[in-house]
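Working notes for the structure below.
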Amino acid sequence: MHTLDQLNAMPATEFVAALDGVFEHANWVAEHAARARPFATVTELHGALMAAVHAAPADVCLGFLRGHPPLSPKALADPGLTASSRSEQGGLGMTSLGDRLAAFETGSAAYEARFGFPYIVCVRRQTPPFVLKGLERRLANSPDQERAAALAEIGYITRLRLVDRVNGPGMPKTAGHLSCHVLDTARGKAAEGIKIELFREGVLVLESVTNHDGRTEAPLLSGEPLRTGRYELRFHVEDYYAGWPNVTDPPWFDVIPVRFGVSDPEGRYHIPLLLGAWTYTTYRGS
Amino acid sequence: MHTLDQLNAMPATEFVAALDGVFEHANWVAEHAARARPFATVTELHGALMAAVHAAPADVCLGFLRGHPPLSPKALADPGLTASSRSEQGGLGMTSLGDRLAAFETGSAAYEARFGFPYIVCVRRQTPPFVLKGLERRLANSPDQERAAALAEIGYITRLRLVDRVNGPGMPKTAGHLSCHVLDTARGKAAEGIKIELFREGVLVLESVTNHDGRTEAPLLSGEPLRTGRYELRFHVEDYYAGWPNVTDPPWFDVIPVRFGVSDPEGRYHIPLLLGAWTYTTYRGS
Amino acid sequence: MHTLDQLNAMPATEFVAALDGVFEHANWVAEHAARARPFATVTELHGALMAAVHAAPADVCLGFLRGHPPLSPKALADPGLTASSRSEQGGLGMTSLGDRLAAFETGSAAYEARFGFPYIVCVRRQTPPFVLKGLERRLANSPDQERAAALAEIGYITRLRLVDRVNGPGMPKTAGHLSCHVLDTARGKAAEGIKIELFREGVLVLESVTNHDGRTEAPLLSGEPLRTGRYELRFHVEDYYAGWPNVTDPPWFDVIPVRFGVSDPEGRYHIPLLLGAWTYTTYRGS
Amino acid sequence: MHTLDQLNAMPATEFVAALDGVFEHANWVAEHAARARPFATVTELHGALMAAVHAAPADVCLGFLRGHPPLSPKALADPGLTASSRSEQGGLGMTSLGDRLAAFETGSAAYEARFGFPYIVCVRRQTPPFVLKGLERRLANSPDQERAAALAEIGYITRLRLVDRVNGPGMPKTAGHLSCHVLDTARGKAAEGIKIELFREGVLVLESVTNHDGRTEAPLLSGEPLRTGRYELRFHVEDYYAGWPNVTDPPWFDVIPVRFGVSDPEGRYHIPLLLGAWTYTTYRGS
C-alpha cells in the first residue's frame, strides 16, 4: 500500500513496480503514466493510466487485451494466472452456473474466435448469470464496439485494483451500498430483533439482525461493488409477532421475502419494510 | 348422489346403504340416525349422525375409532382401505415430509400404544407438516381429551364425505376460499396479464393469470377446505414492467413472492397486491 | 315518463310534446327526429335528436344556441326560465364562487359578445370553479371550435334530460360512481362503524358510515354524473382507535382526510383506505 | 447567559440574581439551592432547585403557587407580569380559542376557588385546546393530587427557563423534533421541490419545501417543545405531478393532507410520505 504522495515522489521504476499487476502483464502502461506525475487525486492517476492504454498503437493494445486470462474455471488452475485475476475469478464462482456453464464455455470460445482476444469483464461487479448474459450481448457487437466495451471493463477492473493499493485524496467511487430498515407500523416504532438473510442469485450471502433502530449494525453490503444480479432479503418475522393478539397457527406472516434487482454495482440501495400486523409495504428507499 | 328429500323418504336399509362409508366401517351410525328422519337440512342430518356416535356406549365408540385405518403411506397399499380413505390419504401426500416421515411413523405408533386407536385427522383440511404437528400436540392430551379430539376430526371427515353424496338445503360450510387481486397504483387501474403461481408448503399447486380486472377468472382455491399450512403466491411481474420508464437490467422487481399462513380451512382469504413502479403493498383483504 | 316503445308508437305531435324542453325552446329538433322512428335504444333516439341539430342550417342552429338562458344567479330570477334549466342551475350553486363570481359575470359577457350566444355548459357535470375554468379556456376558442364545444355540451345536457323522461333499452351512460372501502390492516378485517364525510369543492355533500364489510351501504355517489372538481373524504377514526393499545392524547390519527380530483363525470372512482395503527395507505381502486 | 462553571463559582447573591425569575417571584428557591453547589450538570442544578421547592413548608409552597399570574389574555395587560410569563403566554395565543375562551375563564375561576392558587401549566408545551382540556381534567383532582400536578408543571416551566439562561454539560431534554420525508415510489427516488405547509390546531405554523433528498433543509420543528395538539402537514404535489403520464384536470392528487396528533412535547416525530402516481402511504417513522 502506498500513498499517492509516495507514488508521485518515487523514481519511475519504483512507480512501475508499485503498480505491477494493476494492468495485466502490461507495465508499459505505468511507464507512460509515470511521466505525467504528479497527480492531485487517485482518480486522476487512474485517468492517466487509462489514457496511456487508449493512446497505444492498435497492435500494442490488441496484445494487451490478448494478455488477459480466459474467464473460466479451468483458468483458475493455470499457475501463470496473476494473483489479482485468481482472487477475482475465485470470488465469482462460475461453477454455480451449473448446466449453463457449458453454454458459457462455448460462447467464450466463439468470442475469442470472433474478436481475437478473450472475453474480459470486471467480475467483481457481476454475478455468473450476468457474466453469461453480458457475453451473449457482446457477441453481437462489431469489432470496434467490442474493443471499446473491453476497454471499459478494463477501466472498472483496474480502478478496483488501484484503490486496493493506493491511499490518497480523490478516490474513484468503486463501492455500492445496500441497507435495509424495518419499521413496525402496528406499534409506531422500529422493529428490533428481526433476523435477516440476504441471498444473491439464490446463494445465501449473509445473515444479520435488526437493532433497536430497525437497522442492521453495519450496512448489509458496502466497500465493494454490488454484484449485478437478483437479490432476495428474507425477513424472519415469526418470532417477532409471537404474543401479539390474534396470532394464528401457522401465523399470517412467518418469513417475508423481498426480491429486487441490482443493476448498478456502485449504486446506493436501501430497502425499507413497513411491517403491520396483517400487511407490509416495501419500496426502493433513499 | 342423493337429494335430502330422497334420503328422508327411502326405507331405512336404503338410507344406510346410501351413507355406507361416510362413517368408516360403522353402518350402525346411519341405522340410529335413520329413526330421526326427516331432516330439514343436510347440517341437521350430519348432526344426527354425530349424535349417534356420541350416544354410543364407550366400547362401541372405541371399536369405531379402532376401525379407522392408520394414516401412513403403507396403509395406502392395504386393499381393505375404503375408497374414501384411499382418496383422502392419497391427496395428502405424506411422503413429501421426507426425513420427517420416520418421526411421524414413530409418533403414530406411540399414539396408538397410548390411546388404543390410530391417530385420526381430517386430512383434507391439512398439509403433511401440520398433520405431524397435530400428532405431536395431541400425544400430550389426556385420554378423554383425545377421544374428544378424535371425534371432532371425525366430525370434519364425515361432514366432507356427506356433502359429496347429498344435495339439499342447509349444507354445512366445508369449503374455504382463496383469491387475489393485483392493482397497478402507478397507473391507477387493475393489472392485467400477470402470471401467478401458488405454492403450498413448497409444492406448486396451480398457475393462473390476472384478467382485465386484476383478478383470476376463478378463485385460486374454493369448493374444498384450504389445507392448513404455509402458502406462497409468486407474482411474475417482469413482463408487466417491460417498456416502463427507467426499467433496469435486471429489473427492480421480477417476481414478487407473498407468503402467508392459512390456519382456518373453511376461512376466506383474499390477498391484494398494490403494485407501484418501485414499491408494493400486500395485506389480508376482505 | 314514457317508455321507448310508447315514444316509437305515438303520433308525431305527441312525441314532440313528450320531449318538450329536452332541447331548450327548440321543438323542431324532435319534429325532425320523429321521422326517423322507431329507435331500438334510447342512445339511438338521442343520436337522432343531436343529428337533427347538427343538420340544421347555420342560422337555425345559431338561433337555437341563442335561445339558451345565460348561466347566472340572475337568470334564476327570470320567470321565463325552463323548469329543467332552473333545476340544473339551482343545483350548481354559482354563488359559492364568492369573489370570483364577478370574474365569471365579466367572462360571460365577453363570451356572448365574442360568439353571439351565451356560454353553455352541462352544469350537472360540473362544480362552479370548473364552470369558470371552462369559460376561461373556451374564450380562447375560434368561433368554429366554440360552436362545436357548445353543441358537445348540449349533447351532455340533453342526454341527461332524456334519461329523466324515457325508459327503455340501451340507455346512454350518464352516471358516475364513487365508493370507498376501509380495511383494518392492524386486525386483518374490514373496519366497521367509521363515520365518513364527503366534501366537494369545500362543501359537505353527505355523511355516511362503514358497515361490517368496511363499505357504505350505498355508493357515496351514483345515478348522476359526478361533478368535476376536487373532493375530500374525511374518515373519522378517533372513536375506532379508542381502546387500542398505546392510544395517546391526542390520538395519532383522529380524522384522516383523503383528497382527490374527479375529472370524468361518468367515471368509476373507488377509494380504499388501508388503516393500520400508525399508518395508512390510500389509492385509486377498481 | 452564564456557564454552569460560572454559576458554581460565583457568590451566592450573584447566583440568586443570575436565576432571578426562573422561579416566579421566589428567589428563596435559588438561595436554598446555592448551598448545594457545585453541580456537575444543568439537570442536577434543576433538580436541586425543585428539591428546594418540594422541601419548603406547606404555607411557603402555597404562597409560591399563589405568586403565579393567572393564565389569561387579561393577565398579559398586567404591568407586574414577569418577562418570562409575558413571553410564554404571548406565544400561546389563548384568544384562538374563540367561543371557548369564556369556558376557560369560568373554569379558571372555579379552579382558583377550589385550590387556592391559579391554574399553572407549562404553556410552551401546549396549544390552547389542550390547555383548556387539562384545566377540565385537573379540576377533578383532589387538592393533594393537584398540588403535585402544579409542581410538575412548574418543573417543566423552570427547566425551560433554566436552559435559556445556562450553558453547561448535562442539559435536560427540553426539545421535541418534527421532520418529514417524501419518497417518490413511482420513480424510486426522493421527491424534490414539494411545498409543505405545517398547521397546528388549524393555524399555519410554517412553510417549507423538500430538497434533493426529499427532506426539508432543517427539521420542521426542533429546539423547543412541540406543543401538544393536532397537526396537519399539507404536501402540495400538483406541480410535482405536472407532466407525468395521464395527468387529469383536476389532477388525482393536488394537496395531500396528513393529520396527526402530538402528545409528547419532547418526543421525536417523523412523518414519511411514500408518493406513487395514484397512491400514497404515510406512517409514524423513526
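Think of it as A, B, C and D in the order they're written, each chain with its own count starting at 1.
What we mean here is this: contacts are C-beta pairs under 8 Å (C-beta built on N, C-alpha and C of every residue); 3 or more make two chains touch, one makes a residue touch a chain.
Because the structure is a prediction, the values reported are computed rather than measured.
**Q** Among the other chains, which touch chain B and chain D together?
**A** Expected: A, C.
**Q** Contact counts by the stated rule: is the higher one at B-C or C-D?
**A** The greater number of contacts lies at C-D.
**Q** Just give me the whole-number Å value for how far the CA centre of chain C lies from that of chain D.
**A** Distance between chain centres: 47 Å.
**Q** Approximately how many whole Å separate the CA-defined centres of chain A and chain C?
**A** Taking the mean C-alpha position of each chain, the two centres sit 58 Å apart.
**Q** Using the touch rule from the top of the page, what residues of chain B touch 2 or more other chains?
**A** Expected reply: 185, 188, 252, 274, 276, 278-279, 281, 283-284.
**Q** Please output the residues of chain D touching chain B within their complex, sorted ascending.
**A** Per the stated touch rule, the residues are 185-188, 246, 252, 274, 276-279, 281.
**Q** List the residues on chain A that touch chain B in their complex, please.
**A** 130, 228-230, 248-257, 259-264, 276, 278-284
**Q** Give every residue of chain A touching chain D within the complex, in rising order.
**A** 183, 185, 188-190, 213-214, 274, 281, 283-286
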